[in-house]
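Input: structures, listed below.
Two complexes follow with chain A in common, the first pairing it with chain B and the second with chain C.
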Partner chain A sequence: MSMKDTKLWTWHMAAGVIILVLLGAHMLTMHLNGVLPIESLNPAGDDPLDWANVVARGREVSQVFGYIFLVGFGLFHGLYGLRNILFELNPAAGLKRLISVVLLLLGLGLFVYGAWSAVAARTMALSVSG
Partner chain B sequence: MPEVKKYPNRLGIKGWLLGGKWGPERYLYFLHRVTGLGLLFYFLIHIFVVSSRSFGQEQWETAMGRVTGGIFVVGEFLVFVAFAFHALNGLRLVLVELGILTGKAEDPVFPYRSSLNVQRPFMIVMMILAAILIVVGGYDFFVLAGH
Partner chain C sequence: MSNNGAKEFVFRVRRFDPIKDDSPHYEDFKVPVQPGWTILEGLWYIKENLDSSLSWRSSCRMGVCGSCGMLVNGSPTLACNTQIRDVATDVLMLAPLPNFDIIRDLVPDLAPMFDKHTHLQPYIQRDDHEEMLEPTDQYWQSPEQLEQFLQFSYCIKCGCCMAACPTFASDATFSGPMPLAAGYRYLIDSRDDAFKKRKNLLGSGGVGPWRCHYAGECSAVCPKGVDPARAIQFMKRELVLDYLRLSKAGKRKPAELLPAEKRHGRRDEIPEAPPFTVEGAS
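For the complex of A and B:
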């Protein structure tokens, strides 16, 4: 394993721990709301998908940053894990380079789109009255 | 130049399950990969579905209307199950990788202690926690949320 691979693997593990915290908070907000209701996360009622709750969360800067970090670390952790699985199948050197480039471009593209949508959602939430 | 020994990974993906008669960690290894790939697939789609909130209430409600009820509830619960397992098993893997759960190096005196046996109690605790989280999540999904 090269030093570059060691660094990427260390980041892969660190990203996993960060995702555990951020995705745990996301699951708490979206899927454990009935068992463990936290009013500040869903101030407009029980349904976390209700538009009023979406707007209320969208106004929070912490939600925007949490979402962007989750998208970034999630994409890196997932796509690097997929790359490792594909590399285990011993593809030719040229195919390895192609896999790396495709996954890198996919990750960067989705990260830019996800980050933009989080910022755009906040702008939209701030423009909604109430 | 020293000779580099190559391992051809003869079994390929089948080796995830058929690599040998190993302990329960072998099956967790298989499940970790399957749940990881499932979560990645869902995550890539989820980024697009959730981005609909940026375009206003009508687009958000239209997007949510397309992925609500029936098979989507079961699918979403499976994503929750995959998250609970992958997160807690992943935490165990990180601690093993860092050497925290493998025990100290010692002389090979019979009866031998395997590093697998050192981490196994933690593995059992993590799996019990994952099971509890899945049951609580199921209660929220299918009882409290009224699906």
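For the complex of A and C:
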């Protein structure tokens, strides 16, 4: 029994919705702070890139998980979409498998790098005094 | 325009004879079109008066059989269902349906479409084989249940949707709008008991609806208003809901025979059929 395409497509759609939420949160925090200030994430004022704000956000566990999820769902959504576009070119079955494997490895590699970056940012923020 | 109302149009017809020709070419025919003529009638005029070797496929002449699908001025449509004066200026371009091999002139090879149609099992499947073979009564279905698939059952398999589909144009392994709309029609039919089998078939490989990116051309050209693009999106929704364990269709039990309290027999207001006009008929 296989419903591979049904599962992948469902997750593709779900990832789109999740990205909308997470990217919305990112936009609120990083670009709309002047309009809708979030005190806990930007305690040092309007500028999200103020070092004190960067450190304050970096210490939040929710930020770490938020960015790990955003990286994961964003990569899946984007790379699955790219795979669909490449499949539109009607490659041979062997090439289809190769495309799938390459994109999977690329996605996993970028996810590990992105997740490590999120964790490293928190470690760095916790090590900063004040 | 002549006295009898005829107006001359040029029929620019794509010709291909696999025995003589290496590739298709266009030929012009001047046709004196009478008011009300369909494209099919114009083609008959050419065959009877100008070139008897011109080939196309047609049968019912009333938009029911789906035989005469062809490309008219770049758009797939039925030749019998299209008035010449509605679509032509002076020149009418005619070609066989694209996305299919050409057998000859305006005759496409529709066999791959019917193979895909058959592969999606377009028929009711149930366990009660004896009742299916020797029916004792009708399976009960509510008007609402009928309404779910009725529109998609109007398909006449003309192939216009397949000719308009950009995905099928680039990927011959894609099932295409006609087979998928037929597949959805049975997926959702409350009398059917093969949802699990169908979802596994549709859920993997290029067979299912997933390659459709909703260009919508299939619905735009459908001469019967079937709207295959809608069926394909509904099919996606049903399969996703089933994956999320939310599908009602996936959990349903197949319709049972009409319950006794709903058997009313023949209604009084429906007249009897007229007597046979041929002696000995039964």
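Operating definition for what follows: the second predicted complex is superposed on the first by the 128 of 130 C-alpha atoms of A that agree within 3 Å, B and C clash if a C-alpha of one lies under 4 Å from a C-alpha of the other, contacts with A are read in each partner's own complex, and residues count from 1 in each chain.
Here, a residue touches a chain if its C-beta (ideal position, glycine included) is under 8 Å from a C-beta of that chain, and two chains touch if they have at least 3 such contacts.
If you're wondering where the values come from, they're calculated on a predicted model, not measured in any experiment.
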item: Touching partner for A:89 - first (chain B), second (chain C), both, neither; value: both
item: First (chain B), second (chain C), both or neither touched by A:6; value: second
item: Per-residue contact with chain A, leading partner among chain C and chain B; value: B
item: Contacts of A:113 with chain B and chain C, given as first, second, both or neither; value: first
item: Partner chain(s) touched by A:35 [first = chain B, second = chain C, both, neither]; value: first
item: Which superposed partner A:121 touches (first chain B, second chain C, both, neither); value: first
item: Chain B versus chain C as contact partner of A:15, first or second or both or neither; value: neither
item: Contacts of A:56 with chain B and chain C, given as first, second, both or neither; value: neither
item: Common ground on chain A, meaning residues reached by chain C in one complex and by chain B in the other; value: 13, 88-90
item: Of chain A, residues touching chain B in the complex; value: 13, 16-17, 19-20, 23-24, 27, 31-35, 49, 51, 54, 58, 71, 74-75, 78-79, 81-82, 85, 88-90, 110, 113-114, 116-117, 120-121, 124
item: Contact set on chain C toward chain A in their complex; value: 167, 170-172, 199-200, 202-205, 208, 210-211, 213, 236, 239-240, 242-244
item: Chain B residues within the chain A interface of the complex; value: 8-9, 12-13, 33, 36-37, 39-40, 43-44, 47-48, 50-51, 53-57, 60-61, 64, 76, 80, 83, 87, 90-91, 94, 97, 136-137, 139-141, 144-145
item: Chain A residues touching chain C - in the complex, by the definition given at the top; value: 1-10, 13, 84, 87-90
